[in-house]
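Dropping a structure here in structure tokens format, bear with me for questions.
Each chain carries a letter (A, B and C) given by its place in the written order, and its residues are counted from 1.
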Amino acid sequence: MNNDRENPREMSEESNVSGFDDDNSKKRRVVVPGEIIVSGDDYLPSEGARREGVNVIASRFGLAEESGRVVKVIAITGAFIPRRNNVIIGRVTNITFNGWVVDIDSASSGFLPIDESPRFINKSEMDQFLAIGDVISAKIWSVNTRGIDLTLKGKGLGKLEGGFIFRVSPNRVPRVIGREGSMINLIKEKTACNISVGQNGWVWIKGNDIDSQIKARKAIEFVTDKPFVEGLTEKMEDWFTKN
Amino acid sequence: MSSMETSNLTIDTLRKMFEAGKRFDGRGLFDLREIKVGFDVSNKAEGSARVSLGKTEVVVGVKLQVGEPYPDSMDKGNLMVSGDMLPLASPRFQAGPPDFYAIELPRLVDRAIRESKIIDLKKLVVKEGEKVWTVIIDIYPINDDGNLIDAATIGAVAALRNTFLPGLDKDSKIDYDKKTKEKLPLSKEMGPFSFTFYKLGNSLLLDPTREEAEACDVRVTFGLSSYNKGYMINSCQKSGRTPFTQEEIEKMMEILPKKFEEVSERLKKIL
Amino acid sequence: MAEKFKRPSGRALNELRPMIAKVGIVPNADGSAMFSFGKTVAIAAVYGPRQLHPQHMQDPATGILRVNYDLLSFSVADRKKPGPSRRSQEISKMTEWALSPVLDLEAFPNTVIDVQIYILQADAGTRTAGINAASLALAHAGIPMRNLVCSVALGKQDKEIIVDLDKDEEDFEDGEGATDFPLAKIANTDEFTLLQLDGKIPPERVKEVLDMANKCFEEIYEVQKKALKEVVEK
């Protein structure tokens, strides 16, 4: 099974919001709720920001980013908020008559309808395909008041076998992936592991042996422990020469 | 933090790792994480301590009250161990009436402390047959990253060693504002400590992280104290369905004294 | 000859106790913080938005803010038995109402945001320290919030209005006695979200109290802001 699960377009969008950028056209600083970010009628408040009179104000704790006239506040802490097209890693918690209930570590459970499995599954053999406690890499195709709908139809999605999963903070995910996948590809290469990173913070690693799996996890935790450091890719390469 | 339950593939991987003697944080199966002890969590407690084992953190406080002795121990003070699994400490803990684990933790610590006789309860009599001191130990987890039980026992011992008796007025009523320099009548021996062995497949381990603990099948807690240049097991409780083999129990018996030595060594400056 | 009024604590009438605030003290939580006014120490942890059980409590129109405040048994001289008391239930509800106006709960239908507040050491002003800690923990958890919430108790010692009473001052009995006036406000606004009073105060002096409180809120806000910024800047 091809384990390259990142969508390149989604990734490069995300990787730009990962901590301090070398590109000076984006100014970033940490703000608290209610703090004035900028003043001026020309600015356009976006996600995490609002306008009050002439000021653009932070509506959450995070990194305020000005990109041209657009001002937003990027979350640097907090729970995973599911969005359509997110690829996530989840654990099956229940089997119903028409699908699987999946814990995606979010305020609502995910649901995988039997029709969204990658091949035809008979209702009587549902638990043979996915049993309680099994892990899947799935895509969110709908977020609505009833819950979160998942699909396994897509490149690189499906049941995950072998290896292990662990959690990182969801807002560190862009750093773990890196600009256009540079960080995650470096780690995969150096450890010869299959790695899949879910937007919900869950990471799957499967290697040829125990030691390379442990190393791959350590490498990822090296990245997540240093969210605001520049030149992380060089530091990661450096780490691999020492470990 | 996640409340997601452990997945099958992670349990399989951990089982294989433990068989090979490996853990994610590089420790050996019987290595303990870094232990940190601090005091004076509350100036309203007669004694208090905070203990962390890695990222697991527990606070323990000792309060003293004066009351009547129990009818079957008229010449002794009383000991009570209580507490709460604060929902603050883990996404798994819910507010509301205590579940089995919330009830179990203080009881395990109670038996380790009580049966070690570290507190000389006979010296806690205020007026023979009428008034005795009651020592109340309250345990509160602040962050659960596995092995709350062993952290709590260290915390209870640390808090006891740091406890001063409050003043009594002439009617033998407590005046909490009157502090004395008199400490609790405690044994000079190190400990007691508890050691909880966890089992996954055929592997035993000590001091698991929450991730490791949640994958395991069963655990057993031993309370150990030093006695006459040797050791005594004062309490024991297996918690969970999966059996332990005799070989496994004998292996634990080999490991326990070494671990007691090690923890004593690490904590002797503090306790 | 009139003597200048002296507070038992020796502080000026409008002087707060030294404050300490730290964020991230409970690694398991989505957000957490400690906040202290002098010897009163509060810790708070936020979990959420997360699933609300039992299901029948879920509200399809909005998320729910659920606050649980309590004293640890050894935080007070006379040991408090573990478990909620009526006082802690009342304070839990007051705190919920003090915090919810800044949160956009309707953005998270069917979910709950759990706030746990515990007092490690009590020397009066516990509910106000709790609100300050909870406000930080909510921000740290990345919950969309209009503003931080700041809280402090004002009071009266006989005829003098004072800020941030400690326990000795709360127990003062001479003259008109002590008055305890806990307040909370949405920072950078004039919206009060907690209003409670025990004691005696004539209506014409309330404005004086609110004006003094406003200066306190500004100081508290700076302490909270600094604690949050240290998350990134350390």
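A few notes on this one:
Heads up, the rule we're going with is that a contact is a pair of C-beta atoms (placed from the backbone, for glycine too) under 8 Å apart; a residue touches a chain by one contact, two chains touch by 3 or more.
Here the structure is a predicted model, which means the values were calculated and not measured.
Between the chain pairs A-C and A-B, more C-beta pairs are in contact across A-C. The greatest centre-to-centre distance from chain A, using averaged C-alpha positions, is reached by B.
In this assembly, the C-alpha centroid of chain B lies 32 Å from the C-alpha centroid of chain C. Put simply, the C-alpha centre of chain A and that of chain C have 35 angstrom between them. Centre-to-centre separation of chain A and chain B, using mean CA positions: 38 Å. Each of residues 30, 50 in chain C touches at least two other chains.
Listed for chain B are residues 1, 3, each touching two or more other chains. Against chain B, in their complex, chain C makes its touches with residues 25-30, 32, 39, 41, 43-45, 47, 50, 68, 72-79, 82-83, 114, 116, 118, 120-122.
Interface residues of chain A, counted against chain B in their complex, comprise 91, 93, 103, 105, 131, 133-135, 160-167, 201-202, 210-211, 213-214, 217-218.
Taken together, the chain B residues at the contact with chain A in this complex read 1-14, 16-17, 20, 22, 24, 26, 211. Every residue of chain A that touches chain C in the complex is listed here, in rising order: 30, 32-35, 48, 50, 59-63, 75-79, 107-109, 145, 171, 228. Per the touch definition, chain B reaches chain C in the complex via residues 1, 3, 41-45, 48, 55, 59, 61-63, 65, 82-84, 86-91, 95, 136, 138, 140, 142-145, 176-177.
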